[in-house]
Amino acid sequence: MLYLRQVWTVAGKDLRSELRTKESLNAAISFAIVILVLFSFAVDPSADQIKEISGGLLWLVFAFAGALILNRSFARELGNDCLDALVSSPIPGSALFLGKALGNFVLLTIVELVSLPIFGVLYNTQWARQLWMLMTILLLTTWGVTVIGTMFSALTVNLRLRELMLPTLIYPMMIPALMSAMRLTTLLIAGEPIPAGDEIWIRLLIGFDIIFTALAVGLVEVVLVG
Amino acid sequence: MSAVAVEGIWKYYGDYPALRNIEFSVREGQCLALLGRNGAGKTTLLRIMAGLLRPQRGEIRILDKDSRHPQTRASIGVIGHGIGVYDELSALENLLLFGRLYGLNDPHAAAMEWLRRTSLDNVAGSLVREFSRGMRQRLAVARAFLHNPSLLLLDEPFTSLDDRAIALLQSLMQSALERGATVIMSTHQLREAMQLATYVALLVRGKLIFHGERPAEMLQDPTWLYRTYGES
Amino acid sequence: MRTKILAALCLVSGLWLVRNLYVIFLTLGDEAAQGAIYRIIYFHVPSWITCFTAFFVAGVSSLLYLIRKNSHFDTLAVATVEVGVAFTIVGLVTGSIWGRIIWGIWWTWDPRLTWALITCIIYAGYLMLRHAIDDPTARAKNSAVLCIFSFTSVVITYKAIDWWRTQHPGPVLSFRTGGGNIDPAMEHMLFQNLGALLLLCAVIVAVRMRQEDMQREVESMRRYAHAL
Amino acid sequence: MLYLRQVWTVAGKDLRSELRTKESLNAAISFAIVILVLFSFAVDPSADQIKEISGGLLWLVFAFAGALILNRSFARELGNDCLDALVSSPIPGSALFLGKALGNFVLLTIVELVSLPIFGVLYNTQWARQLWMLMTILLLTTWGVTVIGTMFSALTVNLRLRELMLPTLIYPMMIPALMSAMRLTTLLIAGEPIPAGDEIWIRLLIGFDIIFTALAVGLVEVVLVG
Amino acid sequence: MSAVAVEGIWKYYGDYPALRNIEFSVREGQCLALLGRNGAGKTTLLRIMAGLLRPQRGEIRILDKDSRHPQTRASIGVIGHGIGVYDELSALENLLLFGRLYGLNDPHAAAMEWLRRTSLDNVAGSLVREFSRGMRQRLAVARAFLHNPSLLLLDEPFTSLDDRAIALLQSLMQSALERGATVIMSTHQLREAMQLATYVALLVRGKLIFHGERPAEMLQDPTWLYRTYGES
């Protein structure tokens, strides 16, 4: 119980300082529109084959928005040596990590949910035909991406490890999750349920989430204390 | 029982030994001033005690437990060089946050109480970003005292406080000592420290040169210790 | 006194609009190719020209603010941008409706349309930036700079039909083409409606400015109280 | 002369401290690679129509990775109140701006030059057939993008929502440059010289660079002093 | 000629007046201590003098020029609350950077010279990130004195310096005063400041309450001014 409350406190703090005003939501919305507009220049959005790459486009938007948010996550703690204050408080490292991951997860999900309908209008796609499955995939992938991103953020913030070129390792690490998501989303946007042969992608996604969450929770304590 | 027992600690940064074989202990209820010139290793030692750094060799016991033990951490209050509060949150929100993390029963009451005691109650709702330097330091003090810690580790706590705030902090430390807490502080404002410190420890280039009761000479002439034991 | 003038102007622009509506729907005939729907041009084009004018005024007053540091220019800039964004949205909506009927789709990634959307986003960004800065001087200064940068997008939107081959119709108004692309009666009516909208725009801006000034007065009274 | 030396000093400082930690450089490069790989999953990279969107894809990658670098540009000065130290020194605001822009320009160019050959390999494109023209376009666009990014980085440096706000504000502004670059790059990668009708894009690009550099240099002094 | 002439300055943060109608002038060669409790407005005033903030009303002349004039800026040395040096560069690189920006003839010689004078020469090549707090503050001092400024604006310069470094800084300020420079500093370490300051100015909640020669009483009892003019 206390553990959960601590997780929630950390997440709440991050969310509060980010969502203090509703500008952040406005900013997220116009950010999503901006990226979608940018895409329209890169590919020919009226062509038919856009359907085939819609999942890919969508997840690129999410990956990009995510990179900006994740990059900020632990950097925020550096300012007034706040990380020290957190680490010296009695909260376990894993609770701290989960709290920050949860905060990032909520932010990312907001951006994603906002961009989905806008994507639908601007690219003339009916994305809602397999709504629940799509949401499941979305949340699963977002969690995986967040866990990796938050861990990366914690690693780079620590002076000792900064030189290890971790970002170079960790962005590519997100690829399995993003790849499965792209594949599945394209199928779902086309309106079909997921065919039997493609269920392996869902399993990949779930496995990815479990493994990396376990790894991160187990290792974060070592990372945080210098 | 000793509040802090430091046993043969070595700490290297790269191959520079910032602490060399430090060994001493502080009994409960003592007030120790950790002295030393710039770069002597005071901050490093305090960070090790607070469990923020691990020494390469040697061991440290806080209240007879490991320094990273959750119970230990719950009973330590730390002020570091950074103030450790968030610029984007208000003073009250900051204290509430830490109150919850320390598992206080009524974080709100405790937060309001400490804002009042550091006379920040009339700016409780303002963002820390808008505070002057001294107001920030006061908030750092409030954060460190919030959970009634039984060991206080204060790194230059008097920095940028005005005369009134220094008197206030001294009285807070005094009342903490009276209820049996232990205080270890590093500082360069010797005059202010000597009013409280009953013990002193002197670091010179990472070595512990002196540790013991405050020499009587220091009350009149605060730098006496430096001149007697330090270099020049 | 000022209130009365404003109310009068508001009344005038309202009456003017009603009279224009009457002419547009009852007097003028249908256009040859498009039929009745072409009438939307009397709102589509004037609202774009109005918003361009508003953004132009905002840009100039931002520049003046940076030179003079007089907060009235800042007030003028916000007021005009707010009204301008509103008219941009009117233009987007009327254009979308028109497109739905003529082209069969709400939206297409045609340069003109895209740039119009980008202009809308950019000026919405201006309003967002204003909200995100608390300190009034920093707010006025930073958003003035942004406003000047933003005006480039207006220029591009305006010139888009000259620079690219677009699905959106090319220039028709006689001051751009030298005449001949539009029936003079239609063009005359178009300008009538433009006049009414510009007047309306000016009235709204004046009201917004008064609001801001009043707010500032309240603020300065509070400051005075503090200072005592 | 002194002016140029000051510009160079500022740029040198930024480059030196960035190349020392490689924080944002690593992040940007690996992010660029991830996007390229992901996109190759999203679209079928062997298909012929990939040629038609190659320029667009490339510039999307550059724009996204660039944001990571631009985001850090003025934020780097916040740490120890270094911005104050710079602003109170006798260097003109415009020299400070040009110096920082130059530093970002070099970093962005590095990211781009690294991702180009990777792009070539992954998508099996012979991008080097019009090498010199391509480089010209690349440098012209990068400068435009950098000027806007640096200027807006200065505008938003004190904002709470900087991470979200900066890209929302800069991408729409950059679109003219990015659009021209996408168009021209697609042509050049196809191996043809630029046809006469498309020279307007080059002119647009040059005009963009000149106008925004002039605007930024003229206005930056106002932005820096609070 | 007056080094600094402040004419009726008002500065608001939002609608809080941090400075109210400040009016005074400092003649060349004077050393002025700017005193006031936490949040009184000292930092705000110093930042306005340094050209980092603009007042809403009133005017300020530095050496008879506008505060943003390049010549003015070249002859001002500033130490703020932040140390204003880069963590990722070494001490030497930091000083070289500022030496070049100030257009010194031989930045390298000047940098080495000031590293020596602040006794940082044996860590010249280490990154600032690895410095202790006092070493950082020394580097900030070196940066501010590097170009022999004729006006020094120092915001709490004694913070976290040890006794030796304080003596050093005092002697640096002394020799600057001797070559005709003007020094304006804010501080809470009154004892250290009073050894140099010949003039004092007292701010109380943004108002200038006292300005003039240092009252003789303050040598014995540094807080005399607060008690006489301030609240409580």
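By letter and in written order, the chains are A, B, C, D and E; residue numbering begins at 1 in each of them.
The rule is short, and it goes like this: contacts are C-beta pairs under 8 Å (C-beta built on N, C-alpha and C of every residue); 3 or more make two chains touch, one makes a residue touch a chain.
Since we're looking at a predicted model, the values are computed, not measured.
Undergrad: Could you run down the chains that neighbour subunit B and subunit C together?
TA: A, E
Undergrad: Farthest from subunit E in C-alpha centre terms, which chain would that be?
TA: Relative to subunit E, the chain with the farthest C-alpha centre is C.
Undergrad: Between C-D and A-B, flag the pair that has more C-beta pairs in contact.
TA: Higher contact count goes to A-B.
Undergrad: How many angstrom lie between the CA centroids of subunit A and subunit B, rounded to a whole number?
TA: Roughly 39 Å separates the two chain centres.
Undergrad: I'd like the Å distance between the centres of subunit A and subunit D, where a centre is the mean of that chain's Cα atoms.
TA: 25
Undergrad: In angstrom, rounded to a whole number, how far apart do the mean CA points of subunit B and subunit D lie?
TA: Roughly 46 Å, centre to centre.
Undergrad: Residue numbers in subunit A touching 2 or more other chains?
TA: Residues 17, 20, 23, 27, 30, 34, 37, 41 of subunit A each touch two or more of the other chains.
Undergrad: Could you list which residues of subunit C touch at least two other chains?
TA: Residue numbers touching two or more other chains: 118, 121, 125, 128, 132, 135, 137.
Undergrad: Got the subunit E residues that touch at least 2 other chains?
TA: 13, 54, 81
Undergrad: For this structure, give each pair of chains that are touching.
TA: Every touching chain pair, ordered by label, is A-B, A-C, A-D, B-E, C-D, C-E, D-E.
Undergrad: Taking the touch rule as given, give the residues of subunit A at its contact with subunit C in the complex, in rising order.
TA: Counting only subunit A, the residues touching subunit C are 21, 23, 26-27, 30, 33-34, 37, 40-41, 45-46, 121-122, 124.
Undergrad: Enumerate the contact residues on subunit D facing subunit C in the complex.
TA: For this pair, the touching residues of subunit D are 151, 155-156, 158-161, 165, 168-169, 172-173, 175-176, 200, 211-212, 215, 219, 222-223, 226.
Undergrad: Quick one: in the complex, what on subunit E touches subunit B?
TA: That would be residues 13, 36-39, 43, 81, 130-135, 137-138, 156, 159-166, 188-191, 223, 226, 232 of subunit E.
Undergrad: Note which residues of subunit C are touching subunit A in the complex, please.
TA: Against subunit A, the touching part of subunit C is residues 105-109, 114, 117-118, 121, 124-125, 128, 131-132.
Undergrad: Give the list of subunit D residues in touch with subunit A in this complex.
TA: Against subunit A, the touching part of subunit D is residues 21-23, 26-27, 29-31, 33-35, 37-39, 41-44, 49, 52-53, 56-57, 59-60, 63-64, 67-68, 71, 160-161, 163-165, 167-168, 171-172, 175, 178-179, 182.
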